[in-house]
Amino acid sequence: MKSTYEECLQACRECLEACNVCFDSCLKEDDVKMMVDCIRLDRECADACGYAIQAMTRNSPFVKEICEICATICERCADECGKHDHDHCKRCAEACRKCAEACRNMVA
Amino acid sequence: MKSTYEECLQACRECLEACNVCFDSCLKEDDVKMMVDCIRLDRECADACGYAIQAMTRNSPFVKEICEICATICERCADECGKHDHDHCKRCAEACRKCAEACRNMVA
Amino acid sequence: MKSTYEECLQACRECLEACNVCFDSCLKEDDVKMMVDCIRLDRECADACGYAIQAMTRNSPFVKEICEICATICERCADECGKHDHDHCKRCAEACRKCAEACRNMVA
Amino acid sequence: MKSTYEECLQACRECLEACNVCFDSCLKEDDVKMMVDCIRLDRECADACGYAIQAMTRNSPFVKEICEICATICERCADECGKHDHDHCKRCAEACRKCAEACRNMVA
């Protein structure tokens, strides 16, 4: 069974990837005007996950605080991506929700 | 007189800021479809500058390699921003060109 | 007069630099064993400042949360660096305290 | 079979983790004085891998340049870690070598 730490690390890696794939895909969409909040939040969320991954793996004294902010950002990104029907948005929303939950478990 | 290092650090800071301001501003433009390459390169360039700032200030053994890649990315971002008439693009193009030059001086 | 934003951006830049200079200098000290907490916190703090700089300049919707965590990390780094007599530690502690205050002002 | 991209992404994730675990472990060693180059290179390498992960997943136009510099840094970190007998250093050296090779394959 995976530990809370391993679950969270894995979720952050998958969320970072899903957000960046969504960022890249949104920029290629015809209706890019509709995707601007998604583009912005994808970048926010990929950076937050990257920051959390670095913090967790180096045994940072601030893992809880960093995972908490990561969870907040993931939730906001999931809400935004969840509004769109593009496959990359749906996959991103799911990865963000899973990551938010894993980060909340790290904080608990 | 500023040292090559100080010139480069300052140029990277200003370029990071100009790229992120341009990123944010592009996402708010009506003609966002025209700005997609700009949005993408602004993020690339802000991240490269951020990476270079960290490397320079911590006396990284890889400052030359990192400044070289930063210069390459700055030049590409300057070329793209230089195609647009928005003030934030013009300011960004100028900051990128200055940063590319300062990074080339670090490598030399 | 500088705005709260400009004060904070400047303080984060100076703090990132001071932390990385301290990180590099600590690793060169003879008594490196005494500096291990400093080395660890210097990295934590430089990364937090770098993250805050990116967030502020791109007009992140999470500036307050990010500046709050940056302030917390700066305070911890200032406390640790404040225990040492090395010039780089003293300068770092001062930059961290200034940055923590500027970040608190951003949150307020 | 995994693609070159997937191999490289996975190798960068594992290398980032191994470097940060090594960084944290080195700081806890009694003989920390012997580990200073390792500590420095672990940070360099974890940051390079983090940068490469972000670049690859967002389909950066600069993936080749970034993977090339990542390979260079991984090789240097592997050389340093390879000098030490600590388990965390051995594991780190192995992860760095694997990552360097995967990055070279991305560039090819």
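We just call them A, B, C and D in the order they show up, numbering each chain from 1.
Following the convention adopted for this analysis, a residue touches a chain if its C-beta (ideal position, glycine included) is under 8 Å from a C-beta of that chain, and two chains touch if they have at least 3 such contacts.
Computed from a predicted model, the values in this text were never measured in an experiment.
For the pair chain A and chain D, the fraction of shared interface numbers is greater than half, so the two copies use mostly the same residues to meet. Distance between chain centres (mean CA atoms), chain A to chain C: 25 Å. Counting partners per residue, chain C has 24, 40, 43, 47, 54, 58 as the residues that reach two or more other chains. Taken as a graph of touching chains, this assembly is complete, with every chain in contact with every other.
On chain A, the positions that touch chain C within their shared complex are 40-41, 43-44, 47-48, 51, 54-55, 58, 60-62, 65-66, 69, 72-73, 76.
Against chain B, in their complex, chain C makes its touches with residues 9, 13, 16-17, 20-21, 23-24, 46-47, 50, 53-54, 57-59.
On the chain D side of its complex with chain C, the touching residues are 24, 27-28, 32-33, 36, 39-40, 43.
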